[in-house]
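Going in written order, the chains are labelled A, B, C and D, and every chain counts its residues from 1.
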Amino acid sequence: MPDLGFDIAHMLAGSLVLVSLMMLYQDRLPALINVFAVHAMLLAGSVAWQAYVQDEPQLYITSAIALGFKGVMIPMALRRIIFRLGIHREIEPVVSTGLTMLAGMALVALAMVVMLRATPEATPLAREDLAFALSVLLLGLLMMVSRRNAVGQVVGFMSLENGLILAATGARGMPLVVEISVAFSILIAFIVIGIFLFRIRERFDTVDVQVLDQFRGERP
Amino acid sequence: MNLSVSLILIFAIPAGAAAVLALVPGYRLSSRINMFASLMTLAAGVSLFFIPAHTDNYLLLDDLNIVFIVLNSFVGFTTSVFSASYITHELDTGRLTPAYLRFYHAMYQVMMFGMNLALIANNIGLMWVAIELATLATILMVGIYRTHEALEAAWKYFILGSVGIGFALFGTILVYMAAQPVVGEGLPAMVWSVLVARAGDFDPALLNIAFIFLLLGYGTKVGLAPLHAWLPDAHAEGPTPISAVLSGLLLNVALYAVLRFKMLLAANTGALAPGPLMMAMGLLSLIFAAFMLYRRRDIKRMFAYSSIEHMGIIVFAFGFGGPLANFAGLLQMTMHSLAKSAIFFAVGHIAQAKGTQRIAEIRGLTASHPVLGWALVLGVVAIAGMPPLGVFMSEFLVVSSTFARESWLAIPLVFGLLVAFGALMLRLNGLAFGEAAGSTAKVKASYLPMFGHLALVLAAGVYLPPALVLWFQHVAGMLG
Amino acid sequence: MDLIVDYSLQGVQMLLVVTAAPALTGLVRKVKARLMRRAGPPILQPYRDLARLMRKEAVIAANASWLFRAVPYLVFAATWVAAALVPTFATGLPFSWTADLIAIIALLGSARFLLALAGMDVGTSFGGIGSSREMLIASLAEPAMMMIIFVLALIAGSTQLSTIAEFMLSTEAGLRVSLGLALVALIMVAIAENARIPVDNPATHLELTMVHEAMVLEYSGRHLGLIELSASLKLLLYVSLIACVFAPWGLAPMQSGLLSWLIGIGTWLLKLAVAAFALALFETSIAKMRVFRVPEFLGAAFMLGLLGALLEFVLAGF
Amino acid sequence: MTPVDFSLLCNAALLLLAPVAVAIAAARPAAWRAIYLVSLVLTFTMAGSSIAFALSGAPASSEIFPLGIPWIGAHFREDMLSAVFLAVVNLGAAGASFYAIGYGKHEAAPGRVLPFYPLFIAAMNLVILSDDAFSFLLSWEFMSLTSWALVMAHHRSETNRHAGYVYIVMASFGTLALLLAFGLLAGPEGNYAFETMRGTAPAAAIGWLVLLLVLLGAGSKAGIVPLHVWLPLAHPAAPSHVSALMSGVMTKVAIYAVIRIIFDLAGAPEWWHGMVVLVLGGITAAIGVLHALMEHDLKRLLAYHTIENIGIIFIGLGLAMAFQANGMGAAAALSLTAALFHVFNHSLFKSLLFFGSGAVLNATGERDMEHLGGLIHRMPQTAFAFLIGCAAISALPPLNGFVSEWMTFQAILLSPSLPQWGLRLAVPATGALLALSAALAAACFVKAFGVSFLGRARSPAAARANETDIWSRTAMLIWAGLCLLFGLFPALAIDALGPAVQSLLNSRLPAQAEIPWFLLVPIAGSRSSYDGLLVFMFITASVLLSVAVIHLLASRAVRRGPIWDCGFPNPTPLAQYSAGSFAQPIRRVFGTLVFRAREKVAMPPPGDMAPAHFDVDIHDLAWEKIYVPVAAGIEFTAGRLNGLQFLTIRRYLTLVFLALVALLLVLAIWT
């Protein structure tokens, strides 16, 4: 059973990395959101599996949040936003997709090198999971810095956060995981619905962060 | 009454006050409640001196965090006094509405709650939650004026802060992962006092990665370059009491978290020494901020950069380590909190009197507003490290202890100090001296917090009470 | 008894220099005139000039200050004291310890300082030009002089003129390159300091070339007389200085008898006469240089002195 | 009560005077005189007590307070050296206070002067009394801070603000350099008390570093070239009595720091350390005086002369180091005594000259000499005192400035017995520079006095000037009297310096006071001697004699007439020789080399009646070659980095991202 448990967890975490890389590759917002939904669902699966393996029923809550909130609600909300704003046509990555992919690969490699060397004695499950989680985190960050559009950045941030949840659930017996995942969900909701759309649209009529940048302090 | 209850009180009072303030409509009353609650928190903080050290799975009281808590509640209290007179003016000029003020006061206490909880938490998860709560509260406060600039600053703060939150959480998870095989699953593996006791058995490599994430995550809050970007704008665009609290308190709380994890790493012989990383980031922040001071046009933004500079020095000192440098770091931190918040108090009134924050439009303050002007001079002189004010002593100790052990490291340090000094004095020259420009209208200011802080800084520059010295020395020894 | 003799000797020296000074000037003028195939005024003419100037009333510019009137006396006194401290016919006079060579030169400096101030007192352009140029020359001549003093002091181990003279009389001195350099430099400095050709022309009133004369242009009567006397004294001082250092023969040593003193006076007068001839010969055979060439002239003197000093410094250890 | 206690008590009183001054400025401005009066009394008593202490030769007294760095405490100590400098500081401060009782009346912003004045004096005293590095640096920087505040007293002028800025930055630079020097001396254990530093001589390898840092730190305060640039800006900007303090006294505190560290704390100096100091001193003296010559602003001119005199003092210090390193105790004692005596003398005449310039400034509102002239008629007593000061600073006998320079020359003449080649070459060269600067100083003060006080008034303000008040005049005349007194009786001061020199070098000059006629014989009678008293008496006698003879036997008639001027008198005062034209020959000689001076003459074409114009370009090469590039470098870096304030959030995130990746890479590579 441990073997199977490990394999499935490994597979799910690995696919998360893969999906992260896929997200980097997307250059249209609707597609990006779809891929992100897949990402969230995979995370939900992974967390559910961990809940099962670790026999920690409260992790199912986290899994459910990942599935319902991030896999369904947020993508829907985002899609509505981009369609209403008419920016669903395309997104402009700052650097070319090829280069971004290459950088993504390098980051995954870096994550592996750092993590696998790091934990020789840790359980393989935790170790592999951590390596993947770090990869997902780094890829999410890369996504944030390579997208000019705020929606893209939010998606990047959410995938970063997925990596965190992956790591947290991979850590056997870690307390407060559910609370953290709830807190993060609220944070994201905060970003997406509360401050972001309400205030930014109220003032700027667009969600392109570059417009915001015109109001950086001190520029005459 | 059992004084141990003040362990709870220091965060329970702000939490309760926040709830009350959210319900009280009148701003005069709420500013009084705010002051009163802050004073009570301060009293609770001071009473911590009289109770024995405490450790359980959630709360921790040792000599290190008492220093932070007392400083925190003290500046929190004085800022609430300043805030009371400051906010009235904002209401008069219509920059804030009573509704927003209600929100402001509630958030003020939420922030104090978060910071005090973070300081007293023994659980690294709880600490994380508390710091993020405080951060979120300040983000809301920064955006409270709802001008383009304020929203932009808040947004920037929010995004960068969220990434920092993520990093810190990842670091926390990694620490748990490192502890879990040794301590066992569950709560104890997140209890700092347990962790530090058994850190020697942890997997060092995992701790290394954890520390990098924690340093970057909490370092974002400390304002270390190159993670500092949110800091100047948040200081410049938010209400001045919040700028004072940010510089005087929040940075310290984040620094406290870094220090706790540094101690954890130091307890593991196999892990990398956290010192060099901190020193490098400290020096980078110092020199970078020193250069950034020159081109500033906004007075609050300039002092925000000066905060980055000082946090650089402090982080450098703690990174350098050893009883002397740690002592110097603690002293520098205390002095910086007091002096910088005093400067922000002065700057707040100055900006109100002149109706602008632009440095170019504020001139000849010592002529037009002598008391505020000289207070600003005194504050800047203090923050620039001139005697007989306290920062001079701490910088003396930082530089000389560095020079004694690693002479070459003192050169960039001294260089950064000098460059920053040049910038501060250059701006002070224009701000405080010359023909007065702009409005010379009297401003109703509360001088007490400002001069209270400066008097403390002055006294500390000449005489440190032996009890305080012993305390700091003990803490410096703890920090290793 | 000895004390009285000593003091009277000092008195004699003081009187001697002040009486001999105009004669020296007169002799130089006479010889120069003869060299130019003119008859020239008699050697004693300067005494008559002085007497006449002293008797005349002094005409002073309306806006002249007290300083203007005090300076001639002060300049004369400082120069006189300085001249009296240079050994003329005898070494080791009782007050020769009052000032060494550096102090003597500095005393002359005081005199010049005051005279230059007086030149600026009335507020004329000529006075200013004279003062300015005088101070330029002085500021170049003094370092050169100091270098010469270095050389002498290094050789003789003293800056005390009596000691130097005694050392030069002894056999230890010998012939040295640095001494030769110092001599040449000293002569150059002396020429500059005394406003002689080619640095300045004591006889001219051609405005653009004047230095010393421009400075004292506003003086008349007894004031002018004192200044002229001071100038003569200064010339005498430099001649005595050169004589006592580089030609100390005949100088009466300490505690010697009347005869050697008389011999001393005689040889000193002889030396003065020789110097006067040499100076006149030199002045007639050379043209005055432009004011802005003077720095080069004095710079050369300075270099010679420095060279001499360096030679001595470097060789001193061997 | 021990001497140190007494001095500390007086200083505590001075410190407490500051809040009183604030109160006075706020509530009863009319009572400002009280501040100066109390300062006068306090400083005068301190000067008296320290002189008494210096003469007594009693052992040092010390005191430790639980102030400052807690585990070290604040150490204070008064020994022979500190007593000498305390006397210099407090005598200067007493003079300035006395002068200010009158001068302060003209102060436009007394509220900006009164509180800082006693603080400034106390800070200088505390530097000298400090016996540990922290108290020393605290007082040192406090001294800079308070004097900066005084420089900023007249803050409305842009020049003054600039001066204050340059000053405070240089001061901070100096403090940091000194801090590093003390860090080296204290060693890794942090023994900041001077007591322990004295016991442990630093390793020879770091000796040069200590020297370098001390020269940077204390040298920048003293004004050695090329760290002098702030001095001619800041000293004149302050009110004149403060200028007198800064120039006459504060620079001496810097000299004190050099002596204290090099001779007392740093152990035996190497011979080439002496050479460095010596050559720096020579260059400083020459550059300082040349700049002074080019200067037309009376107070700036005086400030540049401070640089020159600091150079002279450094020559003496360098010689003392060189001799001491070679075990030539007597010669070292002569050099150090000369330096210390010059310290004292300079404090006298520089204060006097600044007092005079302050009086002129008050009477005419002018510092520019080109607008002065003829003041000797309007302000005769000021003119007389100023003249004495000019003669003293020009090293003319029989005044005090000459004696100390004469002693320095005597020390230079002892140097052939030094074994090192480097020194044998450097010393005569320095001697030449010293002689040059002495001669140029005379030229400069002929210019300063001649243009300001003599001639005819060049502006209506100068023509209307009135003699200054009685307090200022009295202060100036007393100080002029002191200049003369110590010129005639130098033995008084030299013997008082003996114990201090003895304590530092273990040898001293023979006592001079026992020699008849107050003759000064530093080494041996056959070598050199000087007697200012006799010279003075001879001159006086000669003057009296010649006056008597001429007035009795010849004519005493005087007729006032128009100006002669070779027959071409020009009635406009502007036709007088100006300060610029006075300096022109010297500028021609040295200008191209030292200042890159360029003269521009704009002559209108024939027939055009427009006036011709004449301009001179003077460059301070130290400023242009060192400070301007450094400032430009900082400006450039600040400009380039400034872009980082205006990045987009995405770019900031990129920075965070790169920092993370970099740290992870470090981890991946290093572990």
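Just so we're on the same page, contacts are C-beta pairs under 8 Å (C-beta built on N, C-alpha and C of every residue); 3 or more make two chains touch, one makes a residue touch a chain.
The shown structure was predicted, so the numbers you read here are calculated from the model rather than taken from an experiment.
Novice: By label order, what chains touch chain A and chain B together?
Specialist: D
Novice: Which two chains meet at the most C-beta pairs?
Specialist: Top-ranked chain pair by contact count is C-D.
Novice: Distance between chain C and chain D based on Cα centroids, please, to the nearest Å.
Specialist: Inter-chain centre distance comes to 35 Å.
Novice: Please tell me the distance, in whole Å, between the geometric centres of chain B and chain C computed from their C-alpha atoms.
Specialist: Chain centres of chain B and chain C, defined by C-alpha means, are spaced 78 Å apart.
Novice: Using the average of all C-alpha atoms in each chain as its centre, how far is it in Å between chain A and chain D?
Specialist: Chain A and chain D have C-alpha centres separated by 69 Å.
Novice: If you average the CA atoms of chain B and of chain D, how many Å lie between those two points?
Specialist: 44
Novice: Considering chain B alone, which of its residues make contact with at least two other chains?
Specialist: 155, 159, 163, 205, 208-209, 232
Novice: Which residues belonging to chain C are in contact with no fewer than two other chains?
Specialist: none
Novice: Among the residues of chain D, pick out those that touch two or more other chains and give their numbers.
Specialist: 645, 647, 649, 653, 656, 660, 664, 667, 671
Novice: Which pairs of chains touch one another in this structure?
Specialist: Touching chain pairs, listed by label, come out as A-B, A-D, B-D, C-D.
Novice: Considering only the defined contacts, which chain D positions touch chain B in the complex?
Specialist: Within the complex, chain D touches chain B at residues 66-71, 112, 133-134, 137-139, 141-142, 144-145, 152, 155-156, 158, 161, 164-165, 168-169, 172-173, 176, 179-180, 182-184, 186-190, 192, 634-635, 637-639, 641-642, 644-645, 647, 649, 652-653, 655-656, 658-660, 663-664, 667, 670-671.
Novice: For a test of understanding, state which residues of chain D touch chain C in their complex under the given definition.
Specialist: Going by the criterion above, the answer is residues 373-374, 376-377, 380, 387, 391, 394-397, 402, 406, 409-410, 412-413, 415-417, 419, 421, 424-425, 427-429, 431-432, 434-436, 438-440, 442-443, 445-447, 449-451, 454-456, 519, 525-531, 534-535, 538-540, 542-543, 546-547, 550, 553-555, 557-566, 569-570, 573, 575-578, 581-586, 588-589.
Novice: Inside the complex, what are the residues of chain B that reach chain A?
Specialist: Interface residues on chain B, with respect to chain A: 125-126, 129, 132, 143, 146, 148-149, 151-155, 158-159, 162-163, 165-166, 169-170, 173-174, 176-177, 180-181, 184-187, 189-190, 203, 205-206, 208-209, 232-233, 236-237, 296-298, 301.
Novice: Using the touch rule from the top, collect the residues of chain B that touch chain D in their complex.
Specialist: Contact set of chain B toward chain D: 155-156, 159-160, 163-164, 167, 205, 208-209, 212-213, 215-216, 220, 226-227, 229-230, 232, 272, 277, 288, 291-295, 324, 364, 366-367, 381, 384-388, 392-393, 396-397, 399-401, 403-405, 407, 410, 414, 417-419, 421-423, 425-426, 429-430, 433-435, 461-464, 466, 469.
Novice: Along chain A, where are the residues that touch chain D in the complex?
Specialist: Going by the criterion above, the answer is residues 94, 107, 110-111, 113-114, 117, 138, 141-142, 144-145, 147-148, 153, 209-210, 212-213, 216-219.
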